[in-house]
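What follows is a group of structures, each given as structure tokens.
One chain, chain A, links the two complexes that follow: it is found with chain B in the first and with chain C in the second.
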Partner chain A sequence: MTVISARGLVKRYGDLAAVDGIDFEVPAGESFGLLGPNGAGKSTTMRMVGAVSARTAGDLTVLGLDPDTHGPEIRAQLGVVPQEDNLDLELRARDNLVVYGRYFGISRAECLRRADELLAFAQLEDKATAKVDDLSGGMKRRLTIARALINTPRVLMLDEPTTGLDPQARHVLWDRLFRLKERGTTLVLTTHYMDEAEQLCDRLIVVDHGRIMAEGSPAELIRRYSTREVVELRFGTDRNADAGARLESAADRVEVLPDRVLLYTDDGERLLEHVAREGMRPTTSLVRRSSLEDVFLRLTGRSLIE
Partner chain B sequence: MTATRDELVAAARGPRRFGWWYIAEHQFRQMRRYLWVVVVNTIGSPLLYLLGIGFGLASFMTRPIADGPDGPVSYLLFVTPALVASAGVAVASDEFQYSVMMGFKWRRLFWGMNDSPVEPPQIVTGFVLAVAGRMLFSTLAFAAIAVLFGGLGDPWSAFAVAGAGLLGGMAFGLPLLAYSATITEDKGQFALVNRFVFTPMFLFSGTFYPLATLPVWLQWIGWVSPLWHASEIGRAASYGRSPGSWPVGWHVVVLLTLCVAGWVAARRVFVRRLRG
Partner chain C sequence: MTSTRTTGDARGPEVRRQSAVRALYAGNARAVLGRELAATRSTTWTVILSGFFEPVFYLLAMGKGLGAFIGDVTLPSGQVVSYAAFIAPGLLAVSAMNGAVYDSTWNVFFKMNMGGRLFQSMLTTSIGPLDVALGEIAFALLRGGAYAAAFLVIMQVLGLVLSPWALLAVPAVLLIAFGFASIGMAITSYMTTIQQMDVINTVLLPMFLFSATFYPITVYPEPVQWVVKAFPLWHAVELIRGLTTGALSGAMLGHLTYFVVMIAVGITFTAKRLRALFLD
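For the complex of A and B:
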């Protein structure tokens, strides 16, 4: 069953097309990602899917309903984790879940029951009566996710779920999201972190300037738009461009970035040997697997985080 | 886990009908966090005013400044309905400025509500309802304390005087809510509102003396001021006659007009901002 279907979706603010004709479908149970740099149109797309921003043109259905006419019905089935937490800092952790559950018309007793369950899921049971203001950034984020689950949503939408969190907090959060995915919850998330997209997404679209640049699973995208391995060499800011030009014929593709040269190849070690034979002496060298970052660089000529 | 269209429609029936109440519930729960401030304010402020004016200022006011149907009335009787009305206006000024900024920007609470099935006009209704509850509590408490001080001609008029205070507070508050909702960046606008709207309104709305005492070129402040209209209604209820020449019905119409205009504007601004 298709949960979200978008055809030629457009959102314009005056002359600016924030979303410029995108098509995608999300089947139930899939973990679907929108990957792109800041300002690519990811959040705007999420707002349209979340039935809080009317589209300018195109077709959009969520759970078979049109957000223009059935906003409350759609939102009653969504869990939304916004980019910036909007918890009520004045209230205690459990009360945040209860007041939010009430917005969905869930009885207070049921809200209380679900709140305790969700606090346990978010590993916050000992913080139930803590004031939200006293929680750490990672805890607040987990509480926001717990809050988004209070209505047992069919689709959980997460906008940049781990931005601003330290690595440990990110991993705890990923683990919780992975459990939801295992339970069959449809996840739709935006991110500009390629490792996050690789960890969580079954399938994703790469978005830039409001358009879809590519679509597929992380592995497919890497296979299609990059080589198996990447050699990263640093020769120093002044010498990177020259070195890149000299190695052009030895690699499938060369990208010269301000701080390093990226050589795309299926055999990184062999390429490194070639570099040594040429008498070139990089200050650092590294052979790694291709990632979505490389896909993005190939598709747009730009890095994801600029 | 597929759902039929009817099931989806049924699931949103509660929020479609009662979304406004769920928002009000949240606001009341929030107010519980600063309940003691509300209670101390609600009881302390009338006590201070009535003690200060009733025992202090009123003792100097030997010349009556207003008449009831049976002749001159005391200064305390004249001033009390206006003080009750200003208690309503003060709650509006408290709740319809920084709390709105908190909802849109500082804590983004309205955005959280907006992601739920609740619609922006329901957010306005729920928010206003909760403030109206607090306002009525304040004006009723003020009027009740005023009865103990002999500040109201007819003790039963306490309800009407409190009601006038609520109407005046909302007539000031709803347009203020609409304005506050347009602010995306706090550049001191609220300080300006307090200094150049709230304070002049308090001073030039016939709160402490009849509006007619002012030169004509200053009286317009009273005519456009919800505080003056609410005070006049309260005075008519308390001792049977308001000092101005306007019929009570006109004052009610002016206040209701301000309320409706503010309400409509606030709903529009909320929809535009949350659903842009």
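For the complex of A and C:
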């Protein structure tokens, strides 16, 4: 069953087309990602799907309903984690969940029961009566996710769930999201971290300037738009461009960034040997596997994180 | 012919209108009111109490103190009452106004613009803008009603309630608080900076002083009277004064109508604005 279907979806703010005609479908149970740099239109897309922002043009159905006419019905079945936490600062952690559940018309007793369950799920049992302001960034994020689950949503929408968190907090969060995925919740998430997309997404679209640049599973995208391996060399700011030009023929593709040269190849070690034979001496060298970052660079000529 | 985007054309305009109402209102203002009550546990009681004592202090200082010099006042009905009994109903109306306005303006402004973006998070649930408006207004009304009820008790104790009709002052005061809360929230929803909020105080103070609260409106020349009558507080003062002194008149129906219209206008604009802000 298709949970979300967008066709020619457009959102304009004045002259700016924040979302400029995108098409995608998300089947039930899938974990679907929107990957893109700042201003790509990820949040705008999420808000249209979440039925809190009206589309300018195109077709959109969420759970088979049109957000223009069935906003409340759609919102009742979604869980939303916005880009910026908007927890209720005047309420304590547990009350945040209970009160939010009441907005969905869920009985108080049921809200209380679910709140305890979700606090456990978010590993926040000992913070139940803490003030929101006293929680760490990672805890707030987990509380926001717990809150989004109070209405047992069919689809969970996460706008940059781990931005600003330290690596450990991110891993805790990924683990929680993984569990939801295992239980069959459809996840839609935006991110500009490729490792996050690789970890969590079955399939994703790469978005830039409100348009879809590519679509597929992380592995597919890497196979299609990049090589197996990447050699990263640093020669120093003023010598990177020369070195890049000299190695043009040795690699499938060369990207010269301000601080390093990226050489795309299926055999990194052989390329490194070639570099040594040429008598070139990079200050650092590294062979790694291709990632979505490389896909993005290939598609847009820009880095994902500026 | 205009074309509207709907799923399925078999449904007529009736269905569309219904879904337009549903998009605004989920019938769950209770949850919003519940949130406010839960949050009240952490409010500063000094602010709440100061709002109540302000008109009480005026009543004591002006009614009892100044009243000793002024003596009695003759009402348009010919009835002669003490100065304190004359201004007390006015201050009761002010009390309702203060309570309602405090929650529906400053508190709403902070909820909309400062920490937490409360309304934004409410509107990602199945709740609609009208639920938010009604819930917030109901809460403001609770405070307005509580202030007024306490003030009425003080009036009774001081012997300033002159007619059994004063019992009707309780529902009247709720209507007045409802009106002020609706209009207050509507205006606040259009404000984006804290400087603009000062406009509210700039209107409230002169309205308090000049709405025939402390002397009969007849002291003004006719054109000024019309200006005063354009503002809601005058209608509130007259309505309550009629009830507590027992000087009933047909004009009171006009005052009631004024507040009914005020409520309708306030709620309509609030819901519209919230929708434009958070659901567009």
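Methods note: the second predicted complex is superposed on the first by the 306 of 306 C-alpha atoms of A that agree within 3 Å, B and C clash if a C-alpha of one lies under 4 Å from a C-alpha of the other, contacts with A are read in each partner's own complex, and residues count from 1 in each chain.
As a convention for this text, contacts are C-beta pairs under 8 Å (C-beta built on N, C-alpha and C of every residue); 3 or more make two chains touch, one makes a residue touch a chain.
Since we're looking at a predicted model, the values are computed, not measured.
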When chain B and chain C are modelled together on chain A, clash or fit: clash
Touching partner for A:R170 - first (chain B), second (chain C), both, neither: neither
Touching partner for A:M1 - first (chain B), second (chain C), both, neither: first
Partner chain in contact with A:D66 - chain B first, chain C second, else both or neither: second
A:V52 touches, of chain B and chain C: first, second, both or neither? both
Which of chain B and chain C A:N86 touches, first, second, both or neither: both
Chain B versus chain C as contact partner of A:R141, first or second or both or neither: neither
First, second, both or neither for A:D95, with chain B first and chain C second: both
Contact residues of chain A, present in both the chain B and the chain C interface: 50, 52-54, 65, 70-73, 75-76, 78, 80, 82, 84, 86-91, 95, 99-100, 102-105
In the complex, chain A residues that touch chain C: 50-54, 61, 65-66, 68-73, 75-76, 78, 80, 82, 84, 86-91, 95, 99-100, 102-105, 151
Chain B residues touching chain A - in the complex, by the definition given at the top: 1-3, 5, 8-9, 11-16, 18-19, 22-23, 25-26, 29-30, 33, 107-109, 111-119, 274-276
Chain C - residues contacting chain A, complex: 5-7, 16, 19, 22-23, 26, 28, 30-32, 34-35, 38-39, 42, 115-118, 120-128, 278-280
Touching residues (chain side chain A, partner chain B) in the complex: 1, 13, 28, 50, 52-54, 63-65, 70-78, 80, 82, 84-91, 95, 99-100, 102-105, 154, 184
